[in-house]
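Both of the next two complexes hold chain A, though its partner changes from chain B to chain C.
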Partner chain A sequence: MKTIRLIAITVLAVTALTILGAHYLAPAGYEQQFRETPQAAPSMHHLLGTDELGRDRWARLLYGMRVSLTLAPLAALFTTALAGLVGGIAGYFGGWTERCCKLLIDLFLSVPWLFLLITVRAVLPLNVSPEASVTVTFALLGLLGWAASARVICAGAKDLMKSEFVWMARASGFSGLKLIRLHLMPNLRGALLAQFWISIPVFIIAEANLGALGLGVAEPLPSLGSLLRELQDSVMVRPEPWRLLPLAVLIVVISSFQVLLNKQEIRN
Partner chain B sequence: MKRHYLVSTIVLLGAISTFAQSGGELRFCLRAEPKTFNPLLVEDEASETIRYLTGGVLVRVNRLTLKAEPELATSWKVSEGGKRIRFKLREGLKYSDGTPFAAEDVAYTMQQLMDPALHSSTGDAFRSAEGKLTTNVVSAKEIEIDFPAPVANLVNLFDTVAILSAKSPQKEMAALGPFYVAERKAGSYLLLKRNPYYWKKDAAGKQLPYLDSIRLDIEQNPEIEAMRYKRGEVQLINTVSPAIFEKLSADNASVRDAGASTDTEQLWFNQVPGAPLPVYKKSWFASTNFRRAISEAINRNDLARIVYRGHAVPAIGIISPSNKFWFNSDLKPHAYDTADALRRLQQDGFHLQGETLKDKAGNAVEFSIATNAGNRARESMATMIQQDLKKIGIKVNVVTLDFNSLLERMTQSYNYEACLLGFQNVELDPNSQMAVWLSSADNHQWNPNQKSPATPWEAEIDKLMRAQAASGDEHKRKQYWDRVQQIAWEQEPFIYLINKDALVAIAPAVKNAEPSVFRPQTFWNVETLALAH
Partner chain C sequence: MDLLSVRLTINYKDKPPVLDELCLDLRPGEVLGLVGHSGCGKSSLALAILGLLNLKGGKARGSILWDGHELLALKEKEWRKLRGKVISFVPQSPMSALNPALRLGTQMNEAWKLHGHGGSDHMEESVFQALRDVGLPPNEEFLRRYPSEISVGQAQRVLIGMAIMHRPALLIADEPTSALDAVTQAEILALFGELNRKLGMSMLFISHDLVSAYGLCHRIALINAGKIVECNTPQAIFFSPQQPFTKKLIAALPTVPSPAEVEQALRYNTF
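Let's turn to the complex of A and B:
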């Protein structure tokens, strides 16, 4: 278990360094088109070959990781904070406050968010930079993705409020913020962390799907999602297995996070 | 003995040949369920396929020679300057249910087709002016049709009019073509069987079609279609993407590049005066020099070579060179020349400041190109254009939108700067382009529905388009249409990018296939297609 944890820490450290050093590690700009060598196989010049427009896949993977592994956790943090706030309030207060919060949660769960996102994209100005476009995409994902997590947090908070140690704390005069800070928050941390880690790959995949609908990362900026879209061209995956690398990176990074999370949960 | 051996060999070969050209079930895929079986209401590709395979038409345009050939009509005569056509019909023909065919059926079909309440787009092609069509059944085998005004390309238009039966209890399902719809499972397949009463015979007097049946499987996913083709489950693919074409080719599957199709991909700038765009951008887009410069800065050869993997040619203009008669052969592709592009821009006061192009008021030149999401080829072209224009200091933002949002911006709010889309040019005649090139037309995309032409060159195009539509003289029409192509080439309201090749897959077992660049590419001669056993 210790070895696995060590591997996970190493993977995450390497990923972080790679993201930070993308500028130095990439042999070319992510947007540069080597038009004489489109769809080239891996070589010394292009470690992972080139894509259909002749862009260096390695460079695009590095920058794609930077975009997705920075913005997806930020969106996940935002969504977890919202979920913690709404779910926590509902569970803590109960009664009509809980009913109101649950109504809001149900409302958000029943919103056809895909169509909502398409509508939002349709009304956004067209002349926005790719960086702004990707930020808007992840911000929307964060804003709309909290409802399911809030249900989990609400249930957890309600259970805690019925637990003996909370009764005892109340009997000892604990209330309000002190009760939340000392008893509720530490006990909900595991659930909140789980929701946070679960949201990251969900948002990365969601961004890839949105790309197919026009709400993803705008060209030429890469993201893990836009790189995963290349797998739609399934006829080319078998002869060019290196196209699977973004998927492999995503799985390894998320698994590493989860290894650390499990350890954290066990400790809790 | 030697002679005896020779005779035996010839007989054997003859027997094999006859065997090879008889029976069997041809299989291929439709990308969607046909929306209608009424041939007069056809608008989608799947319904068009059913119409082509089952419908009997008076004349058929040969997809290789592009000449009209007799089908149900043995001869025809156009008179009154293109307002009247008289058909002499074949005798003794029957629909697939045994109902006899007569001139009344042609009259019935034409009356139905031109009924405004039907809203038939096939009928719209005959509608050159207000007024009613009249039919005169001269005899059981002769009919005269009068239109209120001359109809350009009148004879060829009948290629799309499948003649309905006025008397058959099966109504539009009674077929005069080589096949009829025998079975249908919604969302799964259609089975067409040989029409036992089909009139056509081959040179040896054998009744056509050779095939017993055609099974059309509904398959939306082109990659699954390609896999099924490789496994031998389907024998034709009418439209193959360049990626799948290369893959099938590498796997030694039988694929053919029939040459440049008539389909175009183009970029245009929003020139609608009331569009919600800054005034300085409107003035860029309205400038011929600006549009020509953008055109010259785009490397079309790279678009064809990289995005379409060499299965496309740089576009010259409205008409593809494959449309040999109507193409203006004096026109050449716009050269890729960034120096000349900058020279043109300088004429309008644009100048490079560092690596950024600025207009005379100092505004950095930046615009967005919108295209429909999910179309990888268009997204790739837009990304390549983005890099090409960066070389002359222009920043391009590529935006992909779902098709309805894009359409809303193009036709309602006009809230877009440039758009990259394509046209499928099914009709070869310039008359089919009236809805695009008349300044008052809805599809005059860069500035639609104009009350009066906004520019002198649009006024000239209007005049030429109306003149070609009213003329019955094909050579005069060609002159007018050549001039329209010339103006469009000079002004570039549409910056034509490439003409895609018609890529098809035809299994070696399919005999007598002669793929064409025109629809339906692989099975236009379906009655003579045969399967080797």
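Let's turn to the complex of A and C:
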């Protein structure tokens, strides 16, 4: 168990360094085109070859990780916090508070958000910078993604409020914030973490799909999502298996996070 | 003067009352057994004395006099000062009454912080004292454990330790031994008796088991159909029961079989 944790720490440290030092590690800028060698195979020059436009894939992966692996966890954190707040309040207070929160959750689950996203795109100026566009996209994802998780948290909190140890805590004089901090939060940790982990890859992929609407990361800025979208061209994956590397990176990084933060669950 | 004097009617929503003008008095330093079958409203009475009945959707009418003060007129904030400090509670199933996600030390420290005053030295001393009081090892190693790492008997001792940490005047124990095996049960009952003598606190011992109440309680009150049927010393209850309900209960007690009975049973038991 210790070695796995050590590996996970190493992976995350390396990832963090790569994200921070993308400037120095990348052999070329993410938008720089090598027009004489498009679609090149990996070589000393281009570690992962080049894409159709002759851009260095390795450089694009480094910069793509920087965009996605900072913004997606931030959005996931925000959405989980929101889910915890709404779900927790609903479960803790019950009664009409719970009904109001459930109404809000149902509303968020049933409204077709695609139209909101299209509207947002229409409101944004056409010449908006890729950085601004990607930030807005992840902010929206974070703002909209909480409803399903909030339901899970609400159900969990409600169960906990009925549990024997919460009654016992009340009988010893606990109430309000102290009760939430000591008796609800530690026991909802698992559920919240699960929601958090699910949200990260979902957001990364969602961002890639939103590219079709002109939201998300605009060319030439790369993101893990836009790199993953290249995998849709499945015919090209077999002759060029190095295209799978972004996917592998995503899996490894998320698994490492999970190994590190889930020690509580392993014990139980 | 009585420490606690209860005249209470309890009902849930619009259903008929579980307890119907039940009258109960508890003297200082006394252990009062409250015996009745499951679902007769014993636990509702405990919740009402702790001021938690409304959370379960129950409604209490009448009066609960504590040292001459009316508890039912208290505000939630005042209740909170009583719970765990003046009136504390030991629950039925020790394993599920401890928070599985927290170390025992954290739970005991937090329980101390609710009503205790002073620095962390003082807290540590109180926690260790509570552990000594209930016969648990007063060391850091034990406090670092999680509830899943101790036995049921130890868990019940931890809960009793948390309940007596602030030296309450009244300890309400709601079926504290029914989840335990016979040996542990006897140990816990002996512990209750010892704590009652040492700390001089009153106890309301709620149980469906007349025998476990016999050795511990100074008086036993039997509940049936929402009322106290008979309230007397254990000797009187066991050897000269007055009411038909009490007689029925005594007659239903299991007995240790005599050698002749065992032999007869074995004779028919042909494997």
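Going forward, the second predicted complex is superposed on the first by the 261 of 268 C-alpha atoms of A that agree within 3 Å, B and C clash if a C-alpha of one lies under 4 Å from a C-alpha of the other, contacts with A are read in each partner's own complex, and residues count from 1 in each chain.
What we mean here is this: a contact is a pair of C-beta atoms (placed from the backbone, for glycine too) under 8 Å apart; a residue touches a chain by one contact, two chains touch by 3 or more.
Since we're looking at a predicted model, the values are computed, not measured.
Asker: What does the overlay on chain A give for chain B and chain C, a clash or a fit?
Answerer: fit
Asker: Applying the document's definition of touch, where does A:Pro130 land relative to chain B and chain C: first, second, both, or neither?
Answerer: Touch status of A:Pro130: first partner only.
Asker: After superposition on the shared chain, which partner residues are touched by A:Glu219: those of chain B (first), chain C (second), both, or neither?
Answerer: A:Glu219 sits against chain B, while chain C stays out of touch.
Asker: Pick one for A:Ala122: touches chain B only (first), chain C only (second), both, or neither.
Answerer: After superposing on A, A:Ala122 lies in contact with chain B but is clear of chain C.
Asker: Quick check for you: in the superposed arrangement, does A:Phe174 touch first (chain B), second (chain C), both or neither?
Answerer: Only chain C; A:Phe174 stays clear of chain B.
Asker: May I ask you to name which of chain B and chain C touches more residues of chain A?
Answerer: B
Asker: Give me, in Å and rounded to a whole number, the least C-alpha distance separating chain B from chain C in the superposition.
Answerer: 49
Asker: Report the residues of chain A in contact with chain C in the complex, numbered from low to high.
Answerer: 163-165, 167-175, 178, 182-183, 186-187, 189, 264, 267-268
Asker: Hey, which residues of chain A end up touching chain B in the complex?
Answerer: Residue list for chain A touching chain B: 31, 33, 35, 38, 52-54, 118, 121-122, 126-130, 211-214, 216, 218-220, 233-236, 239.
Asker: Provide the residue numbers of chain B that touch chain A in the complex, in ascending order.
Answerer: Chain B residues touching chain A: 223, 226, 243-244, 247, 250, 302, 305-307, 366-368, 370, 372-374, 376, 379-380, 382-384, 386-387, 397-402, 405, 408, 415-417.
Asker: Across the complex, what residues on chain C touch chain A?
Answerer: 50, 52, 55, 76, 80-85, 88-89, 91, 93, 96-102, 106, 110-111, 114-115, 146, 148, 159, 162-163
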